[in-house]
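Below, subunit A partners subunit B and then partners subunit C, in two separate complexes.
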Partner chain A sequence: MTSATAVLPPAAARRGERGSRFLRLFLPLGLYLVFTVVPFYWMLLFALRPAGSASLLPWPLTLEHFGTVWNDMGFRVYFQNSVWIALLTLLFVTFFALMGGYALARFEFRGRRLFMLALLCTQFVPGAMMLIPLFNIFQTLDLIDSRWSLIIAESTFQLPLAMILMSGFVRNVPVELEESAMVDGCGRIRAFLAVVLPLLRPGIVAVGSFAFIGSWNNFLFALMFLNDPELQTVPVGLQTTIGENTVDFGALAAGGVVAAVPVVLVFAVVQKYLVQGMSAGAVKG
Partner chain B sequence: MALADRTTVRPPAAGPPPTGRRGPRLRRALAPYALISPTVLLLAVFLLVPVGSVVHYALQHHVVNEPYDDAFVGLGNFRAMLGDQRFWDSLAFSAKWVVTEVLLQLLLGLALALIVNETFVGRAMARALVFSPWAVSGVLTTSIWMLLYNPATGVFHYLSEIGVGNAGTSVLGNPDTVFGAAVVAELWRGVPFFAILILADLQSVPKELYEAASIDGAGRTRSFLHVTLPHLRDAIVLATLLRAVWEFNNVDLLYTLTNGGPAGATTSLPLYVAQLARKSYDFGYGSALTTAAFVILLFCSVLYLRLSKFGRQR
Partner chain C sequence: MSSILRTTAAALAALGLLTACSSTGSSTDAGGGAKVTVTYWDNNAGPARTPLFQHLIDEFEKANPTITVKYVGVTSSEVAEKYNTAIASGSTPDVGGVTTALLASLTAQKALAPLDDLYAKSSLNGRLAANFLATSKAASGGKGLFQLPSSGNQDVIWYRADKFKAAGLAAPKTWDELFADAAKLTDKGANQYGFTIRGGAGAGFQVLSEAYAYSGVAEMFDASGRSTVDDPKNVALIEKIAAQYKTTTPEADVSNAYPQMLAQFQANQVMMVHHNLGSTKDVKTALGDKVAGFLLPAGPDGTSVLANPVDGFGLFKNSKHQAQAWKFIEFLDSHASNSYWNENVGQIPANTEAYADEWYAKSGITKEAGDLLNASGTKLVQPPVYLPQYSKITKTDAEPAFQKVLLGKTSAAEFAKGVADALTKAQADYKSKNG
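Moving on, here comes the complex of A and B:
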């Protein structure tokens, strides 16, 4: 391609380049966009058009399915529960990941490598298979049918990766900035709060969002540890709209939209930090 | 580090640390342990203890609704496992599932990352759109694809009306098509993860390398093969192994989309264990299968640590 452009006159080269860009870039991207967007569109379509309609446009528009899931199927309660659980998980994961990530990035201490190894090994523990022993532990602690069981379990399973990511972010803040603040008379904690924390903001946003999205989406922990419908979360509520024999597609789709909106909003905010976050923590590790 | 001496701007090497100031130094020695202690505590209680009890159960006969029959059986559960056709079937399904998903996610994710790494109008929008399924959960993915796969109202129904393919049977109800249907649904939310990881690494390829390659007469294909791919090697190794473990362990999509069916055609090993726990309450045998899965994954994790050179200082 490059050798061909060298001998062609500029205009023809540009035309050839344009054709190749279409085949190489826009055609596959377009196809992939269709693959990504059609499922979302299908969900919106079923959520917004009246039951029994076969139209491919959400017209006439109706909000009756949202009324059904929100009021009659308990999604208002599920939504509130999920928000609280996800926010508290976000808080715990971010705070502890910040503490531990800082320790890993800034201190050389005995057992550091072992701890890093342990963090990594947790990624191979099959969370779904821990359900039975976890259930027993939460029963002992009297936390079955308590939202804390979800918050604790989710935080535990998310912390290792969050901490690895966070230590990557801390490592990207030059240590000299902190040292000069300390030379100027700040204690380590004040130096951290005044100098490091503001620079870590993208990392904190990324780690916190991952925690929120992960917790919001968790299905098995809620299914296993919560029996009281008043405590249930959105994914379990969504699963109940898929009946044994009959499926109310409007309700299923509207419930899906309710489940998708918070994570898609969070994703929209965090999207530009996402790539950065992955490269800072996971790849360079 | 200039910690022991706060009053001067002298570098610490200029003199020995003042005596009688052991407080700060002790605090400094203990600080990292204090900082990691909440995490260590959580991991010990809610991860290490469960792992231990799984191993403990694996050596017992322990069926919840036969409370008087609990007994130590040593490796009996593992011997039973070797003769259990459903174990081998679910393990084979898991292997097929993991290999298919990881390979396809890698190829599509790499292609997608290369595409959205180029500069073009609307790139930010395109990135946001193609990455968005990453944020979507297993149950939500299931809900969406159930709508799409429904024989009466799904997308195939509309396609068959305009003469593409033939609808009528449910792709999820047919043992011949259910694997492909589940794979595509999982690809939908899995490819973005790969694309994001690879894109992150693509952005760190030094531009000079491409310039040097093009001066040496390398075309697009050759500079991809000799500059981009070698640079991406570590990221690809890491992404494939993390993802393989995740695809092996993850049950939410298969649990809600097919529940292992039809006729056991999509029962992975973790799904089989979950069914054992829920239907026959055989925690001892289920734990033995879990332990076996651990060993298989441990093998992967060692491979993973070797290849990714994790934890070594840059």
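Moving on, here comes the complex of A and C:
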């Protein structure tokens, strides 16, 4: 069998292969990267260059917009609020998803499939539809203008999907491991904590990071349930940089960077676990 | 054992977080119950307005030590949803910022308290511009006064005074002069255009205000209840505007909203931009003396008809502190506060005492617009914002339809007829339900 590469000298074949690889792989990926990176660059550019500058490079470099949003526009407070709310949502969602997911994966009980179907169906209801009922409930509980309203609402909305995901992760842990631990004298809780929980680390990280990011980015509930500026969160704060006729682009971009940093950090730290989590159980053997 | 210890530590950490988060920050009346907190929702919070309100609130609290005002800034794009949710759940604020566009929806839901009696007994009585009060009453469907006006807005065409001067041109007085100037100032090779059309968000209302200014038609409906939007004179102006597209305007105008139009104006790409007094500070900050403004030009018969959008305050019916809330509204509309506010936002004060202030006398286009608005012979057209379908007709339906006119896919007459038919039907529905 002959081929074009077979008759070419080795150096030319390598060049041809590199050219083909460039066209097939690097060019499309490079174009995709441009679409992905340019908006971020634009945001950084507006955040780091002086107001009114048309330079395409952040030079002269200024941190004045960060000072404005952090100190004058209240982002220091918004950031703290967002961190607390997102962390507590993460804790609640992860804890209850672990409990619920374990039960769904390990116990056979009447209506289990129906329950899972109901959990899935909750994802079809948009948050905006639930605003007024939730508002009334929180008002009755005196939770309007309290961070708890956000934590509860966000946890409740995220929990169904988190439970379904977690039940998948639990199923991937061989039940025999737990049974062996129980034969060795562990109770179910001890067996879960000592044997299953460490193996669920990728799942916990995946569910927890989605819970954190979902809560961090939530705008609607924060806008509706919180009135006090001292309780507001970063997404609502970002919106206040946009007036009806005035947009403070420098402040908006600096606020955007402040909002994006935790999300980028979360993904940077957990991405290896996420990859493990996504592919867990893909190959059995 | 170590795993149990770790679990306990995690639980304690979670408890610590819970404790840290337990402060709701909700304000309570301090001082043995003597102090009252009035909640105020700003309907257009943003970097330009919020600090002004914070200053006014500080002044009010100094003058009224028993009243605390809790400011809640809501952006204009979200305020309708926030008000509607609050009304549906019975948790409205004491006082809210209300534009004439919002007024219809709030009065239809019976959320606001009538202010006629309070105003009649107030020291403000007789000190607020009559045209503003008339607009407020008309915007709530003529059922009374539900908004105490604070500012009047007016459509303005900002133009590059320096470029006009260099070209030997003066500010146009008629639409035909405007189009002629736009042609002279257009240099496509240099990416410079004489005019810009709003084709994106807000296009429907803007082109209608241009059409009525040109036609001189002062009523939105004729005696039989038929909308006047498709009046031949209105259609003529819409045709003239559409003819400017890509001739004296940038191609991107078909989807441009105000921020993009302003960006083009500030970047020397367009020489005239139609907006309103709300952008006074922006254009002056960006371009200083290089920019000046003129009111919408007159049509062929020499009369210009103006719309009169009014901003103001509403007192919510569910407020438990009606007296204190009204006191706050009165303070905001007092001579000093109203003057401070309008000087800083560049709009026309509702409090007529402010017209004697130095800043107003020197304000140029703001005074010009105010004088015209308050002149006895001025014709005002009141957009039917009281119709529940008004926003859908002028935004959701009219904006894409106007884009089709710009792109030559439909005619100006068909566009105008579509809007007119929808408004006629909505008016008939409104009349049948409200008499």
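Definition applied: the second predicted complex is superposed on the first by the 254 of 285 C-alpha atoms of A that agree within 3 Å, B and C clash if a C-alpha of one lies under 4 Å from a C-alpha of the other, contacts with A are read in each partner's own complex, and residues count from 1 in each chain.
Definition applied: contacts are C-beta pairs under 8 Å (C-beta built on N, C-alpha and C of every residue); 3 or more make two chains touch, one makes a residue touch a chain.
Here the structure is a predicted model, which is why all the values come from computation and not from measurement.
Peer 1: Looking at the superposed three-chain arrangement on subunit A, would you call subunit B and subunit C a clash or a fit?
Peer 2: clash
Peer 1: Answer with first, second, both or neither: which of subunit B and subunit C does A:Ala181 touch in the superposed model?
Peer 2: It touches nothing on subunit B or subunit C.
Peer 1: Just to be sure I read the superposition right, which of the two partners does A:Val196 touch: subunit B = first, subunit C = second, or both, or neither?
Peer 2: neither
Peer 1: Would you sort A:Leu87 into first (subunit B), second (subunit C), both or neither based on which partner it touches?
Peer 2: second
Peer 1: Looking at A:Met166 after the superposition, I want to know if it touches subunit B, subunit C, both of them or none. Which is it: first, second, both, neither?
Peer 2: Neither partner.
Peer 1: Applying the document's definition of touch, where does A:Leu48 land relative to subunit B and subunit C: first, second, both, or neither?
Peer 2: neither
Peer 1: Given the touch rule stated above, what does A:Ala222 touch, subunit B (first), subunit C (second), both, or neither?
Peer 2: neither
Peer 1: Answer with first, second, both or neither: which of subunit B and subunit C does A:Val205 touch in the superposed model?
Peer 2: After superposing on A, A:Val205 lies clear of both subunit B and subunit C.
Peer 1: In the overlaid three-chain picture, which partner chain does A:Ala259 touch, first (subunit B) or second (subunit C), both, or neither?
Peer 2: Touch partner of A:Ala259: subunit B, not subunit C.
Peer 1: Between subunit B (first) and subunit C (second), which does A:Met99 come into contact with in this model arrangement: first, second, both, or neither?
Peer 2: first
Peer 1: Looking at subunit A, does subunit C or subunit B touch more of its residues?
Peer 2: Subunit A has more residues touched by B than by the other partner.
Peer 1: For subunit C, sort through 23-31, 41-49, 77-85 or 131-139 and name the stretch that clashes with subunit B after the overlay.
Peer 2: 77-85
Peer 1: Intersection of subunit A residues contacting subunit B with those contacting subunit C?
Peer 2: In subunit A, residues 131-132, 136, 239, 241-242, 247 are touched by subunit B and also by subunit C.
Peer 1: Which stretch or stretches of subunit A touch subunit C in the complex?
Peer 2: 52, 73, 84-85, 87-88, 91, 131-132, 135-136, 139, 143-148, 151, 193-194, 197, 223-224, 227-231, 239-248, 251
Peer 1: Under the definition above, what is the set of subunit C residues touching subunit A in their complex?
Peer 2: Its residues touching subunit A are 3-4, 7, 14, 17-18, 20-21, 24-27, 39, 41, 44-50, 70-78, 81-82, 85, 88-91, 93, 258-259, 275, 278-279, 281-282, 286.
Peer 1: Spell out the residues on subunit B that touch subunit A in their complex, using ranges where they run on.
Peer 2: My answer: residues 1-3, 6, 9, 29, 31-33, 35-36, 38-40, 42-43, 45-47, 49-51, 53-54, 57, 108, 111-112, 115-116, 118, 120, 124, 126-140, 142-148, 150, 153-155, 158, 188, 196-197, 199-201, 203-204, 214, 217-220, 234-235, 238, 242, 245, 248-252, 255-256, 270, 273-274, 277, 283, 286-287, 290, 293-294, 297-298, 300-301, 305, 308, 310-311, 314.
Peer 1: Show me the residue ranges of subunit A that touch subunit B in the complex, using the header's touch definition.
Peer 2: 1-3, 21, 25-26, 28-29, 32-33, 35-40, 42-43, 46, 54, 56, 96-97, 99-100, 102-104, 107, 109, 112-113, 115-118, 120-134, 136-137, 152-153, 155-157, 159-160, 163, 179, 182-183, 185, 188, 213, 216-220, 235-236, 238-239, 241-242, 247, 249, 252-253, 255-256, 259-260, 263-264, 266-268, 271-272, 274-276, 278-279, 282-285
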